[in-house]
Structures are given as C-alpha cells and as structure tokens.
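Look for subunit A in each of the two complexes below; its partner is subunit B in the first and subunit C in the second.
Then we have the complex of A and B:
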C-alpha cells in the first residue's frame, strides 16, 4: 500500500505538462502501432471476410463477392451451431471457470500450509504441464487417453475394463486434459495474491475466533477478489481459443461430439475452403470473448473500493 | 538522466523498427530462383527423392538458376490447405507444385494454375502420356493445366495365410457383396481375434473413407454420386443407402475394426504396419500404392508381402457388369499462374517428369505409370508382384467429380458413414440427411433424384 502511494505522489508532477507529456507517449507508439496492425487488423479483416463468400479455391477465391448477412443466416440455421455453442460453454465453464480456477485456488491455499518440499514438488509437477508447448501437451494427453494409452494400462492393471476415452467420452478427456494443462496458471496467480494478504488481517480474524472456512470465505476471497476476476478473464479467453489440444486429441469427433467453435471455424475455413463462413464462426467466437471480457472488467471495477 | 537515456533508446528502437518495415525489399538476386512446393512425410519420401534428382539435373543444365525445394510435412488434407494458402498470394505462391488431381479444376477456377498448352506443344514427351491420364489435368475450358505423375487404383488386399487358416480357398475372388460378408463371417468364426474385412469409415480418415471404401460400394450399385452429363449431384439414391447398410453390417457384426479405431486418423498406419503383416487382419480395401509401404525402404518393411498378400478387384453389389469396381486418383505437377519465369518453370517440370525420373518415382511409390515408355519398362513391371493386377483395374475404375463443391460433398459422405458405424443414425436416416446436406451445399437445382 505504502509503496503504491509513493509512486502516485511522484507520478503527479505537473510542472511541464503538454509537450513533454506527449513526448512521453512516443515510446508507446510502436507498441500501439503493432497492436493495431497485428491484433485489430486481423479482427477487422475477419469481420469483413465474414460478409463475403471468400474461399480457398474455386471461382470465389479469385473474386470474392459481398454477400451481406448470408453467412450469418446460414450459421443460425446450421444444426451444428447449437451443439458447438453448447460444447464451447461446457468446455470453458468446465475446464477453465470450474476446473482450472478452483483447482488452482485449492492448490495455492493448501501449498501455504504444506511443507516446503511438498509445496515445491507439487508446484513443479503442476507447472511442468504448463511449460510444455501446446502441441506437445496435446500429444501427451492423446497418448494418455488413447485406446492403448497410459490410462487404460493403469486401469487394466487394476482389473477395470478398457474404455475408449477419446471415442466414448471425448469431452471428458478434453476437459481433464485442459485442466491438467492450465491449472498452473491459476495456481501461480493465486499464490502471488495470497502472499499479498497482510498477516495481521488473518491474525485478527484468528483472534476473533474465525475457523478455516470462515477465514477463506470472509477474509481471503474478498481480499483477492481482484486477482480472481483477472485470472478468470485470462483463463476464459485462453480456453475459448483452445484449438490444438482438441484438434490433436479428437479433431472434433466422433460425430461432432467435441467440435467447439474454434474447431468448427477451422473445419469450415480450411477443410472445406469456405473462408467467409469460417470467419463468420470466428466472429461469433470473438463476440463471445468480448461479452466475457466486458463482464469481468465490470467485476474488476466493482471489486475496487 | 537514466530515464532520458531510456527514452532515447526506445525512440531509436522505434525508428529502427519503422525504418526496417518501410525499407524496400532487397533487390532480386542475379540468379533466378524457382520455388518448388510438394509433400513429404516420414512414410512418403519418393517425391522428395524425385525433386532432389530433378534439381541436380536441372541446375547442371541451366547455369544461374537455383531450384529451391520446399517440402511441406503434412498429410494430404493439411498439405492441400497449406498449398491453397500459399497460392492465395503471388508473393508466397510457388513456381511449381504438387497438386492432387481432384483439386485441379477448382484451383484452375481460382486462377492458381498456369495454362500449359503452348508449352506442351513443344514437348515431345507429352505424346507418351496416356490419354486417360491427360484428362486429369484439364480445366473446365478444355485447356491443360497440370501434368500427371502417375495414377492409382483401389482393390481388396488380403492376407492369404489368414484366409487359408479360416478355410477360404485362395486366390480369393469375391463376386458379390454377399461373398465378402460370407468370407468375413467365416474368418470371424475361425478366429475371433482377427479383423476379417476392413473398410474405412468416418471423417478421421478423410478422403481415405470415400476413396478406399464408400465409393467402391456406391459405384458397384446402380447409383452414382454425380451425373457428369447433367452436371448434377445425385440424391435419393437407393445404392447410397445400400452402401451405408453394408458398412453398418460390417461394423455391427465386428467384421471390421471397432468404430473407435476407425475414427482414429492413424488407423491406416496400423493396417499397413501391424494388422496385415502380423496376420491380425484378413483383408482391407486399399490403393495400388500399398506395396510402397512394405517393399524395401518403405516405412513398414515386410519381406514376405509378395507371397503372403493377394489382391483382387472389389466386386459389384450383385455381381453385375463389369464385375469389379475401382477408384482412381493420382497427383500432378502444375505451374503457378503468377510465376515470373514460366518457361523455366515448365522446363523444370519436364525434367522432373522425364522418362528416367518418372520411372524411379513410379517404382518407389508404387504408382501406376502414365507414360507408355515407363509402363513398358522391364524394371517397372518387375517392381512388385502386383503391378499387373492393379494396372488391369484401370479398365473398371472411376474418378471423383472434380468440382469446387466436391470437398464439402465428400465430407457429407464421410459424415454419413460415421453416423452409421457409430450407430447414431440408421442408413436410411443418414442417407436422407446426406440428401439434405447436398441440397444445402449446391442448391436444389443442381441435384437430381434417382
């Protein structure tokens, strides 16, 4: 607290506003330009392409035409869309908001109490999954859940029958894989947040006779509310965009049972060469991301006194 | 002080960034460069070998020209996507590339391919190409846009030992679909651990599902996929439902692999690498290129394949004429429409496809030759024990309708097979959904009910 106040005081020097202030923005300019060109650019291009019949091959590849809202009309009547939307919500809700978030918080809380060596060992194991490049993690998960994979071998060792996880329960396998891969991020965020809770607050609560659960519910969680909102926003947006993991594990199958929106967009744009329609799907995905983002930003604002 | 220094540094950095972004591209090198894009995987290196040889030959004959080989490591589907993305922009488009025959027409429509007619006129080798194979490179305007490397056919490959162990007399020559089921049931009864008769299904196998399974069924009925004369897609075909029902029988009675295995994109590797060589599979429908995996230097070397395996035509539904069904595809070489050096590019293409290089490639990848002088070569005829059998199937072969809508239609067919083998839909229902999908893709006016 004290530190941030000090920074405030020195930051408000108002001796020579105007030119100097604007000059100070100059170093930011390249970053802003880069953001505009490489982030806003593709988003705008995607919106634009979603109103055309642009294609990867065929006549429409040479001269794509403006077709207005046709792609969106087609999307709304596509029987795969409700399924895909549902699966995306299930994936984000199950693996990010519930899975990674809660597991990360639990681990962070437990690690404060655990012995140093145990905490270090658990931390390393969890972070290891996160350090892996996505494609490697995806293959590891595929190898784990596949028919002759590690999971089935362990279950076989216990005398439990073999299950084709990727075929019979594709979403379960993908949810677990994404929780495995992403929990480390939430854990790290929450560990940092928990370390920022002043000891005296917890002590005072302890003196007033608050139990473990009460301290968690009334002291810890309200105090790290900002971190929770930030974490939720980041992992939601990250999970919304997960493609490689699903593509490698199930490629959206069987019978579309794991086709989330990014997979659907890829299939339409690249497998079927219908770039216009694929970008329409991607645009819907962007809109969902914006809605989530706006909700969390509100939550963040309310969190601040 | 420090802050100022930081500011100046970032200013310089920013300026440097902007300047490099704006500076014009380096002037073109004096040597001309031809960019060649093709497919290469750990189990398919024959094409890489071909281009390496052609590069040496070509560079020796043309001083000052560099051939830049840029293999793409991907399966057929992903290769097609990456190539199409590269072709979209003239700055990334290759000068020469490896092109699937069924994409030629739609890529010509897209303006990606250079018309080769004027170049072919002066190329005496062109006369040695098989007339049927030449048709694969035609665009809708009748011009030739691509030159075939080879073609292929599809047949039933069976393990003689497995069939003999089940009491089936070899050589096996099924005449009808019922013969296949009878034999498969016989194998199943004699050894339940063997996969009696595999046919691909589902979206994971992609074109494999249709080329090496569904179309062998469909084209052996009275129905077809596409009416080429009317240029319309066939819907409501009884043969379509029958074909789906046949697949359902195979999978329901566990005569094929399990649905879970069929929906794994790597299933073909197990067919070639494990099940057939280890005697765990009775038969499968596969391409004439199958020996390329088993022969010396292939990815699943199997010294005895020549004696252990047998090949036979896929029968028609009830044994009707012509008595067999096969599907053909094959790949071509094409020149990019935006190439800066069309003459050199064609010259390279001609070098890559000369008699010597074609022969080596056709042997290494077990392709059916499209050049008469290669087909007549003793080395080619002796390349593997099955060259004659699979070449004869050209007489009963079919080609995919190479329209721009085809990939989507093919996906709808794959989806129908997936729905049937997983038990999600009955064959009738899946066929009806396919009809709806086709009408949605091409419009009701471009369909015809049979």
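Then we have the complex of A and C:
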C-alpha cells in the first residue's frame, strides 16, 4: 500500500483571527482523543507496567509493586528469550523478507508475461488466501500440515516418507503457512510498481539486446527500488505482529519450538498470569516496532520529490 | 488448464510482430506454466475447506466427499453456534467501521482543507501509528481495560478496535478528500456556509465511494480480527465468530472438522464479497475530476 502525503489545500486562505484558525483544527479532536487513550496510553502503560510485578490474579493483581529492572534482568537471563528472539528473526526473515517478498516479485514479473486469463486466475487464488479471515486461513493451514493432512497425502502419493510437520518441524510449517497467507500483499505492491515503469524504457533495453534476466537486474529492480524498500518495511512490521496463525497451528509448541515474541508475551501474561513480565516481553516487541516504524517514516519522507 | 498450450500458440500467431511482443510471446509459455504451478500451491490448502464442508465424515485429509451433503451446514445453523456469533461480529465490525469513519472524516477535513504547521507532524505521527505491532500492545491494553473495568464491554472493544485502524483510515480518507477539488466548496464558502456545512453538503457526497472503500476496509479488518476480542471479550454471549469458531475448534472434544469447515466458509463469505466490491469499485472512485470541468 503506497502511502503518499497529499497536497495541502491552501487555495482558500483568508485572514482570520488566530483563535479562529486554531478552532478549525477542533474536528481533529475525537481522533486525537481515541489515539491517545487507546494507542499511546497502552504503549506508555506498557513501559510502566514492565517495571512492576503486576499479575493476573492474587495480591499483585490489585496492588502491583514497583520492582525496577527485575523483569528485564529476568528477561535477559531467561533462556526462552534468545530462543524466542531468534525464532522471531527466523520467522520474519524467512517468511516475509525472503518468502513473501521474492515470491511476490516473481509472481508480479510472471504475471506481466503470462496470458491475461492465467494471470487473473492465479492472482485470485493468491489474493484469496490473503483476504480470508486470519483464523480461517490458520485452520486451513493446520489441516494442510497435520499428520494426515494434504501435504502428507501428496508426499505419500509420491512415495516420500511422511512426517508430523506441526510436531517435528513446526517452524517450517509456520513459515510456509505465512508465505502462503501473506504473499498477496507483496504481489499487489509489485504489480502496481511494475505497471508504473514506462514502456519505452523496457523497449529501449530490448533494442539494445538485453535478455530477460539482464532487464530484471539492471532496469526493473533499480526502477522499483522505492517500492521494494516500502514493501520490505511493511511486511516486516506485519509479520512481526503475527499471532493467530501461530497460535492456531502450534500454540508456540512443542516445548517453545515455535514461540515467537508475540506468542511469548501472550503466554507469560495470560497463561502464567505474570502481566508484568509479559509486558516486559511486549515492550521489547514494541521497541522493535518503533525502530522499524521510524525507519519507514524516514524512508517515505526522503523518497518524496 | 490443459488447453493453455494450444490457445497460447494461437495467440502468438495473431498478435503483432514488434521486438517487444515477440520476446513476450517467447516468455509466455514458461510464465503460464510456472504461474499455474504456483497458483495450484496456493489453492491446495483451500480445497480442504470446500471439500470438508460438504463431507459429513471429514477429517484432516483432502478428499472428494463420497456423498456430497449439506449436513455440516445444517448442523451449525443454530442460534448459539452460528447466528449469535455472526451477529456479534456484525455489531463489532459495523460499530468499529462507523466510529472510524466519523473520526477519520472529521480529522481529515481540516488536514485536507486548511494549512497549518501541525498538519505535517500530525500526518507523520499518524503514519508512524500505522506501524505499531498491535499484537504487542494487547497485554498492556488488557491491563488498561482491567483498571478501567472495561473488560467484556462491547462498546469499549469497538472503540479500541476503531483506534487500531484509525491511523490507516485517516490516511485513506485524507487522500480521497484531497481528490475533491476545493473550488467546489468555494461557492458555498462565499455564501457563508461554515466548513463543516460544506463538508456535509458538498465534500462527503462527492467522496461517497471513497468513504465506502474506507468503511469496507475497516469492516474487513475488524471482521477477521481474532486476537483483540479473544483477549477483551470474555463472555460467550458477546464473542464474535472469530473467537467462537476457535473454542468450537478446541473445546468440543473430538473436533467435527466438517462443521468447522462449514462454519469457516459461512464466516468468510461476507468479507470475500466485500473485497470483491472494493476491488471492482476502486477504479471508478476517482472519477470525480469531471465535476470541475463541467
């Protein structure tokens, strides 16, 4: 989704007292209040609560005590954290940056060359996995990868041994499921970007005798550099936040083997009732999001002519 | 699928002879084949949903139902299992989209029409807000709801869900509003109409389709949202389909996969339909420019 700052409408400016000019901004207020109460508030509260021993039940639920950096100290010495961080990096890197991004680009390039009907039909199939409610997609993926599911049926048909994917290779199953679910976004971004390349450029390259790969490497990719950067940023942020897909497919298991940061935060806060510690995990995730978000905003600002 | 080779060969004969089109034709066959293969991989997991929903004795495996039956659909057509959760989803999503639209339109109007030194910082802050991983703030939001005693409250959940999609809605609304020429409002201003009157009588009717896109966009997101109601709505009577389908999956002992698939399909149909409407209509929503020329 390419976002661009629209022009400011300054066509109609009359001199008015300063107070009235400020009053014009009043309609923004409801949105600002909502954003402060339900978005900025929880983020600030998160950083506060991560320094307390707030709990779901018991005495600490009513009057949480300030425990300083204890949660973070515990986080640093918790063997699950490096595992979870590593799994999150693997998940984002494997399913978004490599999987969705490259497959999306491949699809977009192929769709320009293929017949229109084929491109439209395949586009519909790819988009369908993306438009479906996340929990339905998760059920479908669960059935697909389960012991007697479609994947094993096909492997069996080819005479290849079958495995319990969700148990033996949970991350492989989750990575593939997320590629299946999310590639449509990259595909749509790249289709729009490729459509913006002027036809003369490609034609000139063809006249000069550039082959398909050369055109892709030296013309197409440099020309859609901006879209690639935007897309990478957005799919990274989206994938960082994926919870439902993992929760339905493996619930983070077996034995934490697929516990990414969102799942870990949920488990700590709600399953083990340790809100303070869960919020510390969530705070780490928010910080990662803030860094990527800031980078994204900068990228868009600099990209403007 | 088997006719692809034949028809594409015919297509080659028919089209022009320029360097570009000849190269395109050479690339067409492999492109068609690879696309179809990738497309098949995307369709496979979905086939299970369709087949299992029509199969009274469905399991995990994908197979053509021995006897096609609508038993699964009939079995879930009860008030508690299907209609109440779908109604809750409806209330939650429509409420979220409505709150969103009102707040976004009000916010977008001054941002689009008046110049102020707050505009740019505000828009960039909003843009930044679209990047926050909502999953990460669910634990703190739960804490906030406990403190304010808002847990299990439908209105509070609606306002929270509206806020999570509000940044994106404000961006989209402002872009649609920027596309409505200011010159159309000038006459109203000269006649002494206030900004908000001009917004209501002139701008909103002209950006009707854009508003529709924003509404549907937010509605689809809210309809598919599982995690937020999963954490914030506790009683079964208030849970939307996304959550009830999950407990359906987990708690009823031996899972009735056929019914699960049937439920999934009925629950997905509204968003698929709405998506088609947006995808079809997106092109025509910018057809306002004619209004100035005339």
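In this text, the second predicted complex is superposed on the first by the 259 of 305 C-alpha atoms of A that agree within 3 Å, B and C clash if a C-alpha of one lies under 4 Å from a C-alpha of the other, contacts with A are read in each partner's own complex, and residues count from 1 in each chain.
Please note the rule applied: a residue touches a chain if its C-beta (ideal position, glycine included) is under 8 Å from a C-beta of that chain, and two chains touch if they have at least 3 such contacts.
Since the structure is predicted, the reported quantities are computational estimates derived from the model, not experimental observations.
More residues of subunit A lie in contact with C than with the other chain of the pair subunit B and subunit C. In the superposed pair of complexes, A:253 makes contact with subunit B only, with no contact to subunit C. Of the two partner chains placed by the overlay, subunit B and subunit C both lie in contact with A:270.
Judged by the touch definition given at the top, the superposed model places A:128 against subunit C, while subunit B stays out of reach.
In the superposed model, A:30 lies in contact with both subunit B and subunit C.
In the superposition on chain A, contact of A:147 is made with both subunit B and subunit C.
Common to the subunit B-facing and subunit C-facing surfaces of subunit A are residues 24, 26-27, 29-30, 146-147, 270. Contact residues of subunit C toward subunit A in the complex are 4, 7-8, 11, 19-20, 23-24, 27-28, 31-32, 34-36, 38-39, 41-49, 52, 59-62, 99, 102-104, 106-107, 109-116, 118-120, 122-124, 126-144, 159-160, 162-164, 166-167, 170-171, 174-175, 178, 182-183, 185-186, 189, 195-196, 220, 223-227, 231, 242, 245-246, 249, 257, 260-261, 264, 267-268, 271-272, 275. The part of subunit A that touches subunit B in the complex is made up of residues 23-24, 26-27, 29-30, 55-62, 146-147, 164, 166-168, 251, 253-255, 270-274.
Taken together, the subunit B residues at the contact with subunit A in this complex read 7, 10-11, 13-14, 17-18, 77, 81, 84-85, 88, 103, 106-107, 109-112, 202-204, 258-261, 263-265, 404, 407-408, 411, 415, 418-419, 422, 424. Those residues of subunit A that touch subunit C in the shared complex are 3-13, 21, 24-32, 34-35, 37-39, 41-43, 45-46, 49, 54, 103, 106-107, 110-111, 113-115, 118-119, 121-122, 125-129, 131-136, 139-141, 143-144, 146-150, 153, 180, 183, 199, 202-203, 206-207, 212, 237, 240-244, 248, 261-262, 265-266, 269-270, 275, 278-279, 281-283, 285-286, 288-290, 292-294, 296-297, 300-301.
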